[in-house]
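Across the two complexes that follow, chain A remains constant while its partner is chain B and subsequently chain C.
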Partner chain A sequence: MVGLSAGEKHFIQGGIAQDLRSDGRKRLTYRSIYVETGVIPQAHGSARVRLGATDVIASVKAELGRPSGLQPDKGKIAIFVDCSPTAAPMFEGRGGEELSTELSVALQRCLLGGKSGAGAGIDPASLVVVEGKVCWDLYIDGLVISSDGNLLDALAAAIKAALSNTGIPKVDVAAETTGDEQPEVNISDEEFLQFDTSGIPVIVTLTKVGRHYIVDATSEEESQMSSAVSISINRKGHICGLTKRGGAGLDPSIILDMISVAKHVSEQLLNKLDSEIAAAEASDEES
Partner chain B sequence: MEYVSPEGLLLDGRRPMEMRQLRAEIGTVAKADGSAVFEMGNTKVIAAVYGPREVQNRSQQMSDQALVRCEYSMANFSTGDRMRKPKGDRRSTEISLVIRQTMEACILTHLMPRSQIDIFVQVLQADVGTRSACINAASLALADAGIPMRDIVTSCSAGYLNSTPLLDLNYVEDSAGGADVTVGILPKLDKVTLLQMDAKLPLDIFENVMGLAIEGCKAVANYIREILLENTKQLEYRRGL
Partner chain C sequence: MRGLKLPLNQTQRIRLQRAFEKLQTLSAKANSDASVTVADSIQVNYEDAFLKGHGTTDLNGELVATVCGVVERVNKLVYVRGLRARYKPEVGDIVVGRIVEVAQKRWRLEINFTQDAVLMLSSMNMPDGIQRRRTALDELNMRSIFEENDVVCAEVRNFQHDGSLQLQARSQKYGKLEKGQLLIIDPYLVKKSKQHFHHLEQFGVDLILGRNGFIWVGEHVEVRDSMIIDQANSAEQSAVPEEKNPAYTSLEMRQHICRIANAIRVLSTLGFIMDAELIMQTVELSSSLNLNIHDMLGSEFHVLVAEREAERRSLMSKRKR
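Let's turn to the complex of A and B:
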């Protein structure tokens, strides 16, 4: 995908070893992040996040559905990611499917917690309207428009921003019913419920190149990686999920080291992201 | 239902000869050779162009001209109700083909033998006229990529409702069931490269409606020219010329 000469590879690796990367950043510095909310008016919430040349859109759509029989007190949340061929010609046709699935699964693992819903960024219990009968199904769609590395972090940030932008219509139960009948509900088009998004984690991906690891790798840097660890961390500093990618094995002590570094980086990222989201929301309301 | 009020206004306040709002932006996909966003009313599409580059599939290589390929895709969230369609359904295959044929007609393919040009269009918001919006976006993206072209293809649609020809239908007007004529033209050469219509129309009215759509295409062409000129001026400024 990325065609690099031996000299360029050497330059990238040497730069990382000396803590000065080819775009002038240090190993643990993110590229500037830019957030725009409300980009898809048809969705309940949406956001576009740009991280350097990486550009992603996330949208949230809610539909009324029936909770599953096993978990009558919880709504359903699903995350789908699609890699548009505009991002790279290799995503043409079915070419992007493998990466899309990898990203969707990693995001589900990092943001939605386990099967029980423990550790989820959004409490699935808050989506229930009538226990066992009516609940909201949240569909979160991510779309990669332009790809320059670090898609996972950008998508997670976009989903966080989209969820803060989301307003779910307030639902009133019109008539109580007994037995198996579906209750009638009125969907309000004036009142909206906002989610508490402070608990949604951010994902920090540490990419190992040579003996060192870096955050927010560009696609050139990703082509030189031996392995990468994506760690999702929330505001409280708890680790919410973890994925390791790439072939080479990692020493367990290095993984622990990476986690503590990721925790430190995540604080700065969360602060930056929160202020960007607040600024985007403010300018969205103005227009 | 009344789609044209006695005062001659449409439901969304436009006049029958008035287009939906246009907006375009060049260079939105940093990694592509050329890219553009094009909005017509609520329809919003992104186009990206890669190439001319080496032909990926050797058996498709042509020794006398460039290979032009196009893929149209819709985002899951682009329609009112969320959809999850597999890629490559019949509608998108047809639109891909239409865009490819239209663009192929204006690219000077004989100047770039043994190479390939990829055009990818992604619909972010689908109202009516994704076809026209995609062609306009693709034109802008090709121009941004610096690919030699005979002219800039522009496209626009027109319809006929309540015995009034309407320019650039919106969703409500399109669902009303009148005819929908989509035209693509080469504005400088004054040639029609794309013409599609559904439903039926008497011949004399068809002439009017098609004339209106061509006028629309010319208005789009003027707008695209403005955007390209502005973009070139900015590039010039950044180079310090």
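Let's turn to the complex of A and C:
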């Protein structure tokens, strides 16, 4: 990342303290979100989200597989993120791996719930075809094309949009089969089942700079942060995941305050995102 | 034009297209088929003598472009200017750069050129203003003048034999830039003009249009003549750096700076040539509409600016006739 001079850093900190950031935003205003769906035709669902100069793509592929022995009535979901070397100079070669793992784990925590599959944003029970024998495996991949801060929020938005764009093919199961045999399945090419994405949370990242926190930091502002807390909140206002980055310690009261601020911001974000996704799907159908 | 990353609804898209078409017809001048991609043949009158410039080649007797870009014609020279080209320096250009390295007796600056530019210690005024030989002590204290990542304004002095650039910052108007923000746009949008330093009085803001595409918008700094500094002042100055947290820029000044910065961002997205007048008009347009500073980056404002520019140019061309 390009360095900043002392004068520029001072200017950015002053802006955040006075509630007027470098591009005129208030502390709790997001950059304009631009959503495109169906960008990868070979995938079952895909979306591209642009948040200022941050550009990410998420794709969803579904394959038939066997459910695990421990949870025979649930499908499997895997989320991986890759930071493309073209996104930023520091991602060259293997530089982006650490960040990729961090983002993947944060998204998995927020969206997939615990080991037993309980409390997941995406309901794995809806992915099962034949209990104990056949289920859908969802592979959700995120790709960071251009990085200008706030990757986690953009990726969560892209995954939400990709899942709402996903069509799982309808499966016809052959008639009753005995115990251990794999049932024959017929994957339909025509009919698709849409995913229900109303339960999927969004992630709001609050970056603390000085004594104030901002939402949707650019990479310049992120370089000035002391710590950042990413909170995943769903439509009901419940917290689905919480991650803290940065070495500076935070007083617990600040974290509680951040959570309430994030809750407030997430309502607007969810509405905005839903309307953008609907608009993107509508224009996708037209073209 | 090129894919604007703006969410435009149907009417906005139509209005924007119309504005761009109008601008294209106005700037016709035999440049109507100006944009070319690789292997496009360039329209030239083959009977006239012409010079083949960069980005062109002779293929089977025909002049063909070798890069994607815009055809430029200057007298008899025909060349293709690439779209995302690096800055092409000329001697005497004002540039804004960022220090990347403090080396022996020189600083290296990043100026969006193929190589880093060099600013020699001897091309820089000493803080005390006295003209003297630079000693070893001066060399060791280079960091007190400029450090890494500082933003500096300078002038192109000459080219060195290996193609790299030498800068000089002898006058008082050059030097370190603080208290503001740096914007990066495409270099071809800043054309050479009489003045690159603009002091916008009504806002109290300094605007420096670097020809390399780095634009500085910041608080106004009085140009001090260092020769006049006497003992009393120098004692005052040495006390100031000890202040840990100098006051932040005032909110009103900051609003002006952000508005101007956003105006520049809008103009660069639309691909309009930057000059202080156009920037001021865009800022006035946004204030007259009572737009929130952040809303300037929305699609509606982009469309308005494009339409305004199309109107302005058609008025100008009508006046000329």
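The rule is simple: the second predicted complex is superposed on the first by the 285 of 287 C-alpha atoms of A that agree within 3 Å, B and C clash if a C-alpha of one lies under 4 Å from a C-alpha of the other, contacts with A are read in each partner's own complex, and residues count from 1 in each chain.
To be clear about the criterion, a contact is a pair of C-beta atoms (placed from the backbone, for glycine too) under 8 Å apart; a residue touches a chain by one contact, two chains touch by 3 or more.
If you're wondering where the values come from, they're calculated on a predicted model, not measured in any experiment.
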Will chain C clash with chain B on chain A after the two structures are superposed, or do they fit?
-> clash
First, second, both or neither for A:Asp123, with chain B first and chain C second | neither
Figure out whether A:Ile145 sits in contact with chain B (first) or chain C (second), or with both, or with neither.
-> first
Considering only the touch criterion stated at the top, classify A:Ile40 as touching first (chain B), second (chain C), both, or neither.
-> first
In the superposed arrangement, which partner chain does A:Gly15 touch: chain B (first), chain C (second), both, or neither?
-> second
Of the two partner chains, chain B (first) and chain C (second), which one does A:Ser5 touch, if any: first, second, both, or neither?
-> second
Please work out whether A:Ser84 is in contact with chain B alone, chain C alone, both, or neither, and reply first, second, both or neither.
-> first
Where along chain C is the clash with chain B: 37-45, 91-99 or 253-261?
-> 37-45
Where on chain A do the contacts from chain B and from chain C line up?
-> none
Mind pulling up the chain C residues that touch chain A in the complex?
-> 5-7, 98, 147-151, 176-182, 218, 246, 248-249, 251, 254-255, 258-259, 261-262, 265, 292-294, 296-298
Given the complex with chain C, which residues does chain A contribute to the contact?
-> 2-8, 10-11, 13-15, 17-18, 20-26, 29, 31-32, 34, 50, 276, 279
In the complex, chain A residues that touch chain B = 39-43, 46, 52-53, 55, 57, 59, 61, 63, 80, 82, 84-89, 92-94, 139, 141, 143, 145-148
Contacts from chain B onto chain A in the complex sit at residues 28-32, 35, 42, 46-48, 50, 56, 71, 73, 75-80, 82, 84, 87-88, 118, 120-122, 124-125
